[in-house]
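Following this line, the structures themselves.
You will see two complexes here that share chain A, one where it goes with chain B and one where it goes with chain C.
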Partner chain A sequence: MAAKTYLTHEDIAKWLEDMSAGARVLAPARVDNAVLFVPFDQHNELVLEHKATAPPKQAVFPQTETLLKYRYSKDPEHPETQSLEIREALPQDKTVVFGCRPCGARGFVIYDRVFDSDTLTDPYYKARRENTAFITLACDTAENTCFCHWVGSHPADPEGSDIVLCPVEGGYVAESVTKRGQELLDQAPGRAATSKQEEEASSIQDRVRKDLGEAPDISSVPASLLQLFDNLDFWNDVSAKCISCGACTYLCPTCYCFNITDEASGLTGKRIRTWDNCMSYLFTLEGSGHNPRMTKAHRLRNRVGHKFSYYPELHEGLFACCGCGRCIQHCPVAVDIREIILRAKESADEQSISA
Partner chain B sequence: MNNPYLPDVATINEIIQETHNIKTFRVVLNNETRMQEFDFSPGQVGQLSVFGVGESTFVINSPPTRKEYLQFSVMQVGEVTTRLHSLQEGDQIGVRAPLGNAFPIESMQGKDILIVGGGIGMAPLRTLLLTVLDRRDEFGDITVIYGARSPQDLCYTYEFDMWRSQGANLVLTVDNEFPDWDGRVGFVPAVLTEEAPSPKNKVAITCGPPIMIKFVLKGLKDLGFEDEQIITTLEKRMKCGVGLCGRCNIGTHYVCVDGPVFTYAQLQALPSEL
Partner chain C sequence: MSLLEEIKAKIKEELPGLDCVIGWKQGFDPLHATPHFMRTEQDVDQLIINPLCVQNLATYLPGMKERKVGVLVRGCDSRSVVELLQENLIKRENVVIFGLTCNGAVDLAKVKNEIGFLGRVNQVSFEQGYMQVKTPQQDYRMELKDMLLPRCQTNPYSSPVLFDHFFGQPEDASACGQGGSANLERLENMGLEERFDYWQYHLDRCIRCYACRNACPMCVCRDHCIADTRDPHWLTQETDVQQKWMFQLIHAMHLAGRCTECGECERACPMDIPILSLRQKLNREIKELFAYQAGVDPKAVPPLLTFKVEEANINERGW
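Right after this comes the complex of A and B.
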């Protein structure tokens, strides 16, 4: 294992500036009332004390991106003929995400299995994924809504990150996780961490893990959710206060539902992909008027089912949730996905007993 | 790297007005090599693009045995289909195909084939029918029960004689009496029950409006068909067509990748979210 590096806050500032010369560096900064990952600017103060309002999902999976560009044209000598030209628009940019939390970086590990699998490669996703490095900040506080330890992670989880920084007195103890991370760390000012600093880092991690408390065993939840599939009373009840706004989906580091639409300007235009919201009635509405997920109960059932049952069944038990808690924090009506899966577990047990 | 979102540019060679709201498009990929090498199985679907409006999913309803063109039948319902209906022969569209799975033709060999279709649901059944007719020796009796609201709502009427001459027993029905109509009168499930085909060594394939499928399935079960002997093909709203965008899944199964073709046995093992 590579030696750990100690970086002061000044070292970090210098490092970010250096990296900005060769890549798009995204770091959390205040934008209006939110903390978002935006291009690093030395005049814009970093906000690292709490996890950002939105995860760094945009870095690899932008809210809007162009897939194709097209042009219809006519040959004036043969005005009855039409021709159509289509061009791919593959992303080229190199990105470094700085200061995301382990949960935010780990989201892409969940994406990788669908966007870059044995049977399918999404070239847009893959291009950005390969060109994006994650310098992750281990957590030194556990928030009320954090539950990463429920889903197989922890506050200093290196999975999905290239470098993990652990906060200590006066700066950070940095450890590279990947070769790409080591190369970035080699460019950073800083010095070998002392054993005292390393001890401090690990004692902070121990404290945060303890603060998170015991995680319930949710390994039976995938089966519970399937068992409750036809129990619409359950789903009506847990979705009763949901207003289908979709804040949970947009802020989720593992939600990847998308829409594809065209934007035309005369005879030219582009085909774009945008984040979509499975909580919307329109998401599955068919041309005939039929809608397989017609009420919010059906839609919440699919959202929770996808994360805690369908995805794990297809991917060796891995939950499609990294426990960041943003869906809970930012839900305008305080829907709590933890409550739903725990209730599902209990209700399925009761249903089995009474059956 | 193969880009799953990149359509082939294709030319509409012929448009057939099937009914007042259904048109059939015969298209050819502009890239000759791509057209020659285009390989698919009956039941697979494609996404048609009208750039500036969007994409929608349709079954390739011509059979792999007849590859001069790819045929799609489109009912005018929403934005993309309305725009498709306004196109003319010679116009350019995008085609992303083939997508999804196909009818299990090999497992049907040596068996009698019972095709039960309603309305635009005849489109996926046409590719299957023409395939088995073109490979006539490999299958037993071929029966087609096909219904629509009125005689004017039947598609592919210009081919009925060809279907019959190639060896299909064709039973046509419409919902009500119409002048000069000499076929059956009644809903498809009722005609199925009257025909009472024996389930022995037979495969039943059905597609149509959901309410028709529901009662056809019941009718087939009443006639003694096993779940494994019944095949249907589903339709869901789709965007990506490659199992990512999150619309068409029924539990763990994505209709665009794992379907659209399912046996009744497979459907019953899925959560009920059709």
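Right after this comes the complex of A and C.
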């Protein structure tokens, strides 16, 4: 493992500026009352004290992305035929995401198994993923909605990151995780971290882990959710207050469902991919008018089931949740997914006993 | 017996005849209350009523279909229930209204402005017009009147306009309707270009989650909203400001003369976009044209749900 580097706040500013010359650097900054990942601008103060309102999902998986553009044309000599010209739009840009939290970077580890597997590769996703580096900030506070430790992660988790920065007095102790991270760190104006700084960093991590408290064992939840699949009373009950909006899915670092639409205007048009969300009635509305997920209970069951049962079943027990807690923090009616999975675990146990 | 105990006792008394009673209980942390669907006496024991009970529970009523339910409302929320009745979207015999007095509901966006960050709040208390918030780093003390939702400033009805049971004294509610909408005034005083820039800036961060729409008690198309439908294709799936703005204007237009200004749209927005002002603006226009306010009189017909050959304030043929 490479030696750790100490960077002062001034070093970070200089580093970000240098990186901006060769790549799109996205960093969390205030946009009115929200904190969002926006292109780095030295005049824009970074917000690094706490988690951003939205995760850095857009860096690799934009909410709207043009897959291709097309144009129909006619040959005057053969008016009965029409030719079609298609231009693919593969993303080329290099991106550096700075200042995301371990949960935000880890979200893409869950994406990778879907968009870049042995059997299927999404070229748009892959191009962006390969061109995006994550410089992650280890957490120095545990928020009320944080539960990364429930889903196999922790506040300084390097998985999915290229560099992890740990906040210490006056700056950060940086450690590269990947080769790409090391190359970026080599350009940074830092110096070797002292053993005292390294100790400080690890003591902060220990404190945050302690603050998070004991994680419940949720290893039986995938089975519990399957067992409760047909128990609509359970799902009606836990979804009663849900208003079926998309705030939870659109702010989720691991929600990857999308829609593909051709937006045409006359003879030209483009094929776009946009985020979709399973809380919406239209998500499963079929052409016939039939909808297998008629009610919000069906839809919330899908969201919870996908993250904590169907996905882990396909991917060696890995939960499709990074525990960032944004779905809880930003839900207009404070639906708490932690409460739902714990209740599922309990209810399935009761159901087994009474059966 | 305290007021809360009185309310709980009444709910328990009514519960056997109802599918559920909708109130609030403590949410995931001391700062958040969450809607609570009470079906058993144990559920009723979890009921809380305080300035953090921010959600307008009338939003759930149209979804209850034929089920008979109880709902807790303050003056402002009661107007949504009345407007739903006026539009025949719910039946009077299917809802038991538990009317509350209110000392204001907290706008968490304002609290966020004050304390910087809401993620680490350990304790919240209210005392003699003050709100106290404890975080591991600091204790904060704010005047409650400065932390209230926009609806507390604009809604003049301190007591429910319609109820089956009423709790408290009408004069308890001193926070209501003490001023106009500061944000709307600010927008009205802007030049066209400045206002255009304002909306460009704010709507850019909209994520099209439609929390604004789904939290709205008067938004009853629900699963059949024209913002989603492909046929007709009013909006594209793109996330540019044009589409987002178009949706906001459609929403505001559909609410003209129906909106009770509960502000759930703005409160629900995870991006804190100040979208209530658009609805307020159209409501002001309706008030001027038809001398009408939504959700005040259960017998009144909303002006855009009817017509007159000659409208008093619309000069169609008088030139």
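Criterion: the second predicted complex is superposed on the first by the 355 of 355 C-alpha atoms of A that agree within 3 Å, B and C clash if a C-alpha of one lies under 4 Å from a C-alpha of the other, contacts with A are read in each partner's own complex, and residues count from 1 in each chain.
Simple rule for what comes next: contacts are C-beta pairs under 8 Å (C-beta built on N, C-alpha and C of every residue); 3 or more make two chains touch, one makes a residue touch a chain.
Being a predicted model, the structure only gives us computed values, none of them experimental.
Bringing the complexes onto one copy of chain A puts chain B beside chain C with no clash.
For the three-chain arrangement built by superposition, the Cα-centre angle with chain A at its corner and chain B and chain C at its ends equals 90°, in steps of 10. In the superposed model, A:L232 makes contact with neither chain B nor chain C. In the superposition on chain A, A:A240 makes contact with chain C only, not with chain B. Residue contacts after overlaying the shared chain place A:K51 against chain C, while chain B stays out of touching range. Once chain A of one complex is fitted onto chain A of the other, the partner contacts of A:A13 are absent, as it touches neither chain B nor chain C.
Residue contacts after overlaying the shared chain place A:A23 against neither chain B nor chain C. In the superposition on chain A, contact is made by A:N259 with both chain B and chain C.
In the superposition on chain A, no contact is made by A:L342 with either chain B or chain C.
In the superposed model, A:H290 lies in contact with chain B only, and not with chain C. When both complexes are overlaid on chain A, the residue A:L120 reaches chain B alone and has no touch with chain C. For the pair chain B and chain C, the minimum alpha-carbon spacing after aligning on chain A is 6 Å.
Within chain A, the residues touched by chain B in the first complex and by chain C in the second are 259, 261. Those residues of chain C whose C-beta lies close enough to touch chain A in the complex are 20, 27-29, 32-37, 55, 59-60, 109, 112-113, 116-121, 136, 201-202, 204-205, 207-211, 213-215, 222-224, 228-230, 236-240, 264, 267-268, 270-273.
Residue ranges of chain B in contact with chain A, taken from their complex: 1-7, 9, 49, 51-56, 77-78, 81, 90-94, 210, 235-237, 239-240, 242-247, 249-252, 271-274.
The part of chain A that touches chain B in the complex is made up of residues 67-68, 70, 72, 80-86, 88, 114-115, 120-124, 126, 226, 229-230, 256-262, 264, 269, 271, 276, 278, 283-288, 290, 292-293, 298, 302, 305-306, 309-310, 313-314. Those residues of chain A whose C-beta lies close enough to touch chain C in the complex are 31-34, 36, 49-51, 53-54, 63-64, 141-146, 237, 240-241, 243-247, 249-251, 259, 261, 263, 272, 274, 277, 280-282, 328-330, 332-336, 338-339.
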